[in-house]
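Working notes for the structure below.
Here the chain labels run A, B, C and D in written order, and each chain numbers its own residues starting at 1.
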Amino acid sequence: DDSWEVAGRKFTSRLIVGTGKYKDFAQNAAALEASGAQIVTVAVRRVNVSDPKAPMLTDYIDPKTTTYLPNTAGCFTAEDAIRTLRLAREAGGWDLVKLEVLGEARTLYPNMRETLRATEVLAKEGFLPMVYCADDPIAAKQLEEVGAVAIMPLGAPIGSGLGIQNRVMIRLIVEGASVPVLVDAGVGTASDAAVAMELGCDGVLMNTAIAEAKDPIRMAKAMKLAVEAGRHAYLAGRMATRKYADPSSPLAGLI
Amino acid sequence: DDSWEVAGRKFTSRLIVGTGKYKDFAQNAAALEASGAQIVTVAVRRVNVSDPKAPMLTDYIDPKTTTYLPNTAGCFTAEDAIRTLRLAREAGGWDLVKLEVLGEARTLYPNMRETLRATEVLAKEGFLPMVYCADDPIAAKQLEEVGAVAIMPLGAPIGSGLGIQNRVMIRLIVEGASVPVLVDAGVGTASDAAVAMELGCDGVLMNTAIAEAKDPIRMAKAMKLAVEAGRHAYLAGRMATRKYADPSSPLAGLI
Amino acid sequence: DDSWEVAGRKFTSRLIVGTGKYKDFAQNAAALEASGAQIVTVAVRRVNVSDPKAPMLTDYIDPKTTTYLPNTAGCFTAEDAIRTLRLAREAGGWDLVKLEVLGEARTLYPNMRETLRATEVLAKEGFLPMVYCADDPIAAKQLEEVGAVAIMPLGAPIGSGLGIQNRVMIRLIVEGASVPVLVDAGVGTASDAAVAMELGCDGVLMNTAIAEAKDPIRMAKAMKLAVEAGRHAYLAGRMATRKYADPSSPLAGLI
Amino acid sequence: DDSWEVAGRKFTSRLIVGTGKYKDFAQNAAALEASGAQIVTVAVRRVNVSDPKAPMLTDYIDPKTTTYLPNTAGCFTAEDAIRTLRLAREAGGWDLVKLEVLGEARTLYPNMRETLRATEVLAKEGFLPMVYCADDPIAAKQLEEVGAVAIMPLGAPIGSGLGIQNRVMIRLIVEGASVPVLVDAGVGTASDAAVAMELGCDGVLMNTAIAEAKDPIRMAKAMKLAVEAGRHAYLAGRMATRKYADPSSPLAGLI
């Protein structure tokens, strides 16, 4: 009953997982299953298209039951990203895509100027871009205005596992958004995912936290539960904090 | 398969919930069920024993299927706590008990001197005391030595909802303990419970975080999931953190 | 000897203070003196120009000994900000200015698209813009490229006093910058200012933390010391952290 | 004018520094001077008493102008600590001493049971013990009751440089204490020292943060400033935090 929608498509899982850094496609598929995710994101530029005899991700993760979300990892200009997604659409018909236009290799921080430009072009061409972006509430609104169907602010640098650095800004983005907000990048362990959801996000995308855990399958399960936990906690409305203690049992009137 | 044991008793749920601050016994019972907890803790001194016509908690939460863990909330001396638990044993036969000897009303911080003394006496009398205590790794070992069957350090003041304040000390206590360690007090929302478990604790006890949530039943569900998430994340072995970004998809060799 | 330069101008104080929210100009001047700041920032649009009989800030803070840094507080478009600064230059000859183009009243977060555009125009017109901006390392480089003489990322929302939210990004901005980086906004107390400096920033700008302290003059003094403390700590090179204790005195070979 | 007193002795500096881990006595003396500290603490058991030809700390730091505070580093029982301090008193006449009774080498956490016992014995023998202790507000009051002249809770494990882990408890100890409270252990850099003072502590004791900095002399200077900054900030009364932004300059009525 607690589903969410992006661009008219409905999902019950609020966790999106990646397809990088796994030992092999079989492990990736097993982690996906344990995570309960209904969406996987795939770097278009990494997909094997030249060697028909090499193994294919689609042999392990069925595109009929799992939504493939092509992404533009490795693109450093709007043009690059646009071209990559046009290719993806031609090849596979995808229109729901994840746009990322990176600024540099060191931080993998988004280039927001290029990201805004690419979002606008893609939206005009009929794409439905979910957009990796800075934790910037004004840029988030601008992305919405030019056609982003979801806002995906980073929690911390991609692959860093440092957790949600700026809770204030994620909260302000959520409060201001009229499309789904998903934290993308920075999650390192289960509690980080729960924090993202407790801030009111609609979902979380992660790759390294699962793929680089000692036991990726179990971590995928942990992330599934953490996202659900954080979502329920958000909906439940947490207690207020107190500066002093407050007894669970009244201190007066004891026998 | 991932069960834990305290004093020879085996449990699969790692969440212990309280029985204070709820609207009524029915809500308390519903929250317990949503939490999946197999243990409830009850303040002996608050239990209605004088008015046989007033409602009884046992009418709502069946002692045959849920383990009752009598506690000494409201006791400020070792004597007080010992007397209270003797009463509980006489009345209901309980020997697995939760000892808390508080230092003052303002902080509800444990009086560790009295707590140590009470633990020793109780253990000699055949009680199996699970002990609310400071996040002090040396006192934790001393409690073990005199008979504590579980160490229950506070995460933050009782009823404050401030979350785990001192992760360093909880980790050091876990590393040094040979009996179960459960964070008791301070959890405010789901991610706090996950953090406790990620530090390697065997379980978490909470009351206010559930009872004072706007929707206690849903928060109980959130806490169930968060404890499981944190436990799985701990067992899975989290990724290492990085100071810089690291791409999920290799940046070289792109098409 | 530890001075810093912005646009060829040399300063020994690394603290810049504001001129809003004070009880009166006299208190503002006293706080400035206690802070040791050599630069004050003034909202051009708030300056009294119509009533020659009203008190003037320049009667209290001498522009000959203190550098006035006109800012564009209250401007929500590039045009607005540019027009405001042209006015300031005409009136007082200022070219070293602080640009802020805000996105909305709720967050007072910068509109980075407009900020970039305004920076470019202003630089071409000969202004030397110090630029309030997001904690975005890519945008920081873009600002530099179009002529920003200093990068001024927010630590937290203006006037919030929440402290430096995203230490990771401030550090990454500092590492990548070739112009001075000053944290602007978010400082609430002395340790926040020290943290900014320990991350390697060249300076800190603040207003509310001083003006809204119970004793603004003493807080100004605290901020002076905190900025110096943080700067020295950064230059001194802090110790590495340890997961376990390490004795100051060797544990072996004791008498 | 902002001095503090411990056991009737008045000091203007609120920083106490150690004498371990320095390259040599000359560096230690130089760091002391840069720190402005009026008290140094010395591990009695490490003091050279057997070789009259070896260099002596007292040749570098004059006991006539700097208060020597003998400490019991390396003592793991009350007896050990008491014996060590008796020795110190016999040798040098000291009665103002720093008691530490450690629980184990791994954490160097205080053994509070032994610490309480030693404090009581020492006080009865006329010593004036400043006591290294857990961040436990109840134990702090018990230490006071048996004669501690200052309470010195750890901020983090000795030599870890992890900073103040539990601000809630340090604050609660300060609120409850009627003798001076000094954070002892855990400070890693200047902002940590400022935080301790902002919580209302009367002072800070540190060793490794200065001795292991790349430039110990400059770090000593940083710590001097940070302690003063934090003290002024505490006395000045910091601004309240806000969840949203608040303009320094009114947004209405602009020209």
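The rule is short, and it goes like this: a residue touches a chain if its C-beta (ideal position, glycine included) is under 8 Å from a C-beta of that chain, and two chains touch if they have at least 3 such contacts.
Small disclaimer: the values here were computed from a predicted structure and weren't measured.
Of all the chains, the one whose CA centre sits at the greatest distance from that of subunit B is C. Interface repeat of C-D: among B-D, A-C or A-B, the matching pair is A-B, sharing over half of the residue-numbered contact pairs.
Centre-to-centre, using mean CA coordinates, subunit B is 34 Å away from subunit D. Separation between the centroids of subunit A and subunit D, computed from CA atoms only, is 46 Å. Contact with two or more other chains is made by residues 106-107, 109, 157, 160, 162 of subunit C. Within the complex formed with subunit B, the subunit A residues making contact are 18, 20-21, 43, 45-47, 49, 73-74, 105-109, 157-162, 188-191, 193-195, 198, 207-209, 211-216, 218-219, 221-226, 228-233, 235-251, 254-255. Across the complex, subunit A is touched by residues 103-104, 106-107, 109-113, 116, 134-139, 141-142, 156-157, 160, 162, 165-169, 172, 176 of subunit C.
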